[in-house]
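The two complexes that follow have subunit A in common; it is paired with subunit B in the first and with subunit C in the second.
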Partner chain A sequence: MTTANQMAVERYRNNFLKEVEANVEEGHMVKMCMQCGVCAGSCPLGPHWTHSPQKIFMMIRAGKRDEVLGSDSMFMCTSCYNCMVRCPRQLPITHIMHGLANYAHRLGLAPKGQPTRDFATLFWNNAIKKGRVNELMLTLRHYFRNGLVSGIKEALGMQSVGLGLFMAKRLNPMEIFGGHGVKDLKGFHAIIAKAKEIEDRKKGFTA
Partner chain B sequence: MAKKEYAFYPGCSSQLKASASNYLVSTNSICKSLDIKLTEIPDWNCCGASVGYCEGGELPRIAINARNFAQAETHLPGQDIVATCAACWLSARESKERLDGSAQLLKETNEALAAAGLHYNGGANVRHMVEVLIEDFGYDGLKAPMKKSLEGLKIAGYVGCQTNRPFGIDGESFENPMYLDKMVETLGGEALSKYEQKVTCCGGALAFSEPEKSQKQIRDIVESAYDHGAEMIVTPCPLCQANVEVYQSEINKKQGTKFNMPVVYYSQLMTVAYGGSAKDAALDGQLIKAEKLEKIAGK
Partner chain C sequence: MNAPATPVTPKYAAYICSGCGIGDAMKIGQLENIAKKEGKMAIVKSHPFLCNAEGVQTIKDDIANEQVTHVCVAACSRRAKTEAFQFDGVAMSRANLREGVLWVVAAGKEHDEVRQEMAADYVRMGCAEVKKMKQPAGNLKEASSKRVLVVGGGMSGMTAALEIAETGYEVVLVEKTGALGGMAANLWKRQPFKSPYAAAQEVGVGETAARIAANPLIKVHLNSTIAETSGAPGRFAVKVAQESGAISEESVGAIVQATGFTTYDIAKLPELGGGQPNVVDQAGLEGLAKQANGGAIKRADGKDVKSVVFVQCAGQRDTTGQHLSYCSGHCCGTSIKQAMYFKDQNPDIDTVVMYQDLRVPGMGEDFYRSAQERGVIFTKGKASKVSGGDSCNVTFKDLILDEENTIAADLVVLATGQVPNAGVDLEAWNPVVTAAEGGDEAAKAQRIVMHGSSVLKLNYRQGPDMPQFKHGFADSHFICFPYETRRTGIYAAGPVRRPMDMLQATDDATGAALKAIQAVENAAVGRAAHPRSGDLSFPTARLEGCTQCKRCTVECPFGAIDEDEKRFPKFNEERCRRCGTCMGACPVRVISFENYSVDTVGSQVKAVEIPEEDEEKPRILVLACENDAYPALDMAGLARMSYSAWVRVIPVRCLGSVNTIWITDALNSGYDGVMMMGCKKGDEYQCHFVKGSELAHYRMSKIGDTLKQMGLEPERVVTQEVAITDNARVVKLINDYVAELDKLGPSPMKGFG
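Take a look at the complex of A and B:
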């Protein structure tokens, strides 16, 4: 168990709703859910997750901390916003799902090896390294995430697509040497570091 | 002086040799025809996109969007920020609305921006290119530079998610937005009247991390376009375009389908209707050639 997680458990004891309200993006809206289930029926990934948003919201109120923060469901969000625009109580469901995913990820409770958790982490680190996404490196690092052998296999499988994009001038092999980026990289990184410092302090991620 | 001027936020995928470079080329072409001047926000950065949430969290994500706002406010005062990418628009507008709604968040964001000597005053107005076209020019205005009709082309207007939800285009419904069909018809093309996958999600970033789940979505989107007799799909979103075009060959390989449906941007249709060449419309940027559109462009 990580230190930040231990501290959160001690601080909020059995009141998981209070913990979510305090630390999860838009978490204060969770208690507005009236359990109608429209979100559950609107999600394109419906057949794949363990818990629907509706269930997650009820589980939060029921104090099922381990089950919620260990659920794969939030990582199934494609950010299509269908649940959000249909919710009759106007809960920002998509943002709450993102917020729960981030909270579970930061506390180290999110499912290990969950493919979207890993890809999302890769994406953010890729984007902030230079301030702009390096699509070539993002793709390569994603394919080679499980090591060299499976990476070569996966990359070869997508070879024709890669070649097609290259021929269409939509993939730049030179990006392997760095690619696009912001000029004031120092300032860009300073902004992120400061924002992270403020957020970590507020949400209890710093021990 | 140009008729309209905007602070342009092209986004990562629309850069030279990136996955949506054909979107940028064709956007530049229509802007020339409509006398729009786009000035890039100096030193703009990534918006964090839809999957930035996991590692990025809340404040860092909002702060990097505010960095773009601050740059626009300082260097392009009074100009609306215009994004072509659906995810850029969504992230930026979401950040803007959060900042508008919370003095505390604005204070913390400015604390972060100060680390780079920047400040955001709250004046950003974030819009999508489609909003600009429809609201500032109107369908009649979009007709004005037309030199050719897209007559005879049957086109599936695939709106997708993020230019439609949660903000969408003013006055449109989330379940059946009509603007893309209206744009097709304005250009003389035939829009599908019953395209039930119009607002279906393509899987977004999960096309990478969960390919099987995403490809089921893409299959539905392409299949429905075929069922209704479409000759091509048009979309306003770079990720929709890439996912729906690029993975057709994968789906063919795995599921024995014979998909070969071109997927173009509205800006490519417009460029051709405005008399531009296939090159002006960046039709050489398609993996699945839009032959019928190329033919009209060559006339």
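Take a look at the complex of A and C:
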């Protein structure tokens, strides 16, 4: 990851816009933004972001690499697509936001402890292990992400929900021992590895 | 087109229409009697559908067989059925029984009496008016010139000349420099005029100049300026001075002034690097691009340019009062085009356009997108400081990120604005002339200098150039008729009229070309130009009554009136727009038109029957401008909004034509109030005749003393500004005024009239 990060800096110097164009999904559309601010005004989570899409696009053009890739704003997107349907220049804003989040994550520059990012990582790692989501483990890992004491507190808080799910046969406590996987687990892992390889090649990551 | 000579003995006829429900709501028989006995009409007829073929034929037959010379049509508004009620060779008045009475007086039996009284008064007024009218005889010109002078050989001037010549009219094109092309000739490329608006185009000055050279109808004077312009539309005599001093005379019928612009002086912008090396304006960059001739654009010192910053609105849209306060409109597009010069040659060159608001009129949005696709960076920011030198630094505030920033660049381009070449500012000219005539030597010298900077060098008493509109741009009736100026037959085109880009300038020139052709054709038959297009009447003065007060010459918005050797007003009717402002100005009432005079309106004022005080029926005179207020009143009727039946409305050509005698006559004869409705005045004027409404307001502000002498309250005369869309508001204005006058009580003048 670090090598890729350094390489990108080397290759593009200050021209962060070109870096984004080459590495971020739909990144080539960033330059088409006309700074009208409709996206910023349309976002239901607007007040909770540090940077609106309008600002993110301007920062990219201004070459503010660290600020953009270290921003938590892209992770706040709930994919409601309001900005995208309203953009007069038809920028795929939602896709660009996810692309930027993904790029920042891969470079290891995304903010540490960002809850959306952490949960997504947790979910991904859980899902690719057996090819299906182990809900019990996902929930427990999520509860205990900040240590034992807060984990117990959080778990006890959800006690009745857990019990209800168990009674309705929606939660199998035996899953704690690894759970069940997809039929051809080997094949599934091969698919994931190949997909990663293709993506890395496309985006120029060698690490 | 001219009317036949009016027969010696006048014969008056009135025709009353009972259609559209008029006959159901009013007693037509009584109206006929009034027309006959009070109106003294020789023939009075009523018809159930006067505007149909049969009704119109009745009138035509009477004109042919009974030698009727004056027709009063009592039917709908004078603005309706104008084609049906069009009778050549006779004078005609219209009594507005439909929009003016039927549709605005509340329905129902309880209003029958006031409705009938209102209708009767309008019939009386129509009869009174027509008896004072004459059918304009027209003023056919024998030797009217149909050539057009175009001043300025830039893109606008060349386009105007070609457009005029291609319709078959002769053109005289005068250009100050030694070659045609103007500003356009200095450009490397121009913005695209046609789809797909994606790339800069060849300017094409050479081809346009070649088309001019090949056109036998266009006579070109290079290295020439105007030494003097005298005359009027159809008979301008223009002295064209060569650089050598030789003078040739041209007679033309109309003038198109396309004198363009100069760029705002970059030296006035030292804080933005003006005057420092490697900081150029847009014209300067065109020069560098021309030099590069398609290769890499180099700086003046020969160094390659790897990064360039365009600073928009440099010395424009300025709020401090130091620089241009307006937006020049073309510069965003021009910077986009120039950024493409760099990107097309080498995509790796960093190009930043720093704008506050990117304004790309027309199809410029596509052009903007095309530059974005090429990788031109657009930054919303306001530059505060530019340091020139080997590496320029642009300090600016990023308005999106809300922070101060600095960009380094090899070259900085300032988008400065357009300054019109409009000649002498008459507002500055007039005091200098007054001082010079008073014997001030310094003023005399200044007058000579100012006259030297004049473009047209008109010998009009109002000054040597056309009046200037805002920010020193040549005159334009901006809101309604952008090509029209206050100098009839002289049209401004291109950036001298308002800031614009080249495509707009060529469109503008085409428009001015058409106006110029109209002007020469109108002048040839003695017809008015806009807005009273086709009017054959023109003002005449009974000079034996004139006191030489000069009010008419000063107040004419169009500079139509000169002074003759004996200092009497001398009317140039070809310059006249027939607004009647001179008639309203004249304190001794010696100016009149054949079909519109102090008498035609005055007799209507007097024709209204004023009820006695104890009848408690007030009468209010409304003088409504025929351009906006009268249509608004008509439309109120059309929408069946009712207003008070106490008012009697008389349309006037312009509030400027309102002579105070009408007001004093009305009040003397017992009217309770007078309301004037004109157009919006001031900087954002909507007056068709520019100054009429303003003059009326001014004159009425002076009427207080007269009212005091008469023992009347000042509220008895009011002036209102009305727009053509104000149909609901005019109703409210009238009804509110009626309520106000009700509180004031009846006029004490009643019964003395």
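FYI, the second predicted complex is superposed on the first by the 187 of 207 C-alpha atoms of A that agree within 3 Å, B and C clash if a C-alpha of one lies under 4 Å from a C-alpha of the other, contacts with A are read in each partner's own complex, and residues count from 1 in each chain.
Rule of thumb we're sticking to: contacts are C-beta pairs under 8 Å (C-beta built on N, C-alpha and C of every residue); 3 or more make two chains touch, one makes a residue touch a chain.
No experiment lies behind these values; they were computed from the predicted model shown.
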Superpose on subunit A as described above, then tell me if subunit B and subunit C fit or clash.
-> fit
For subunit A, which side has the bigger count of touched residues, subunit B or subunit C?
-> B
Of the partners subunit B and subunit C, which touch A:R61 in the superposed model: first, second, both, neither?
-> second
Between subunit B (first) and subunit C (second), which, if any, makes contact with A:K169: first, second, both or neither?
-> first
Have a look at where A:K183 lands relative to subunit B and subunit C in the superposition and call it first, second, both or neither.
-> first
Does subunit B (first) or subunit C (second) touch A:A120, or do both, or does neither?
-> first
Mind working out whether A:T94 is in touch with subunit B, subunit C, both or neither, as first, second, both or neither?
-> first
Upon superposition of the two complexes, what minimum C-alpha distance (Å) separates subunit B from subunit C?
-> 20
Hey, what residues of subunit A end up touching subunit B and subunit C alike?
-> none
Seen from subunit A, its contact residues with subunit C in the complex are 15, 17, 31-32, 34-35, 54-55, 58-59, 61-62, 89
Touching residues on subunit A, where the partner in the complex is subunit B = 25, 44-45, 48, 75-76, 78-82, 84-86, 94, 98-99, 101-102, 105-106, 115-121, 123-125, 127-128, 131-133, 135, 139, 142, 158, 160-161, 164-165, 168-172, 175, 180, 182-184, 186-188, 190-196, 198-199
Which residues, counting only subunit B, touch subunit A once they are in their complex?
-> 12-13, 15-22, 43-46, 48-60, 62-64, 67, 108-109, 111-118, 161-162, 165-166, 174, 200-201, 203-206, 208-210, 213-214, 217, 246, 249-250, 284-287
Subunit A-touching residues of subunit C, taken from the complex the two chains share | 350, 358, 368-369, 372-373, 375, 377-380, 398, 400-401, 405
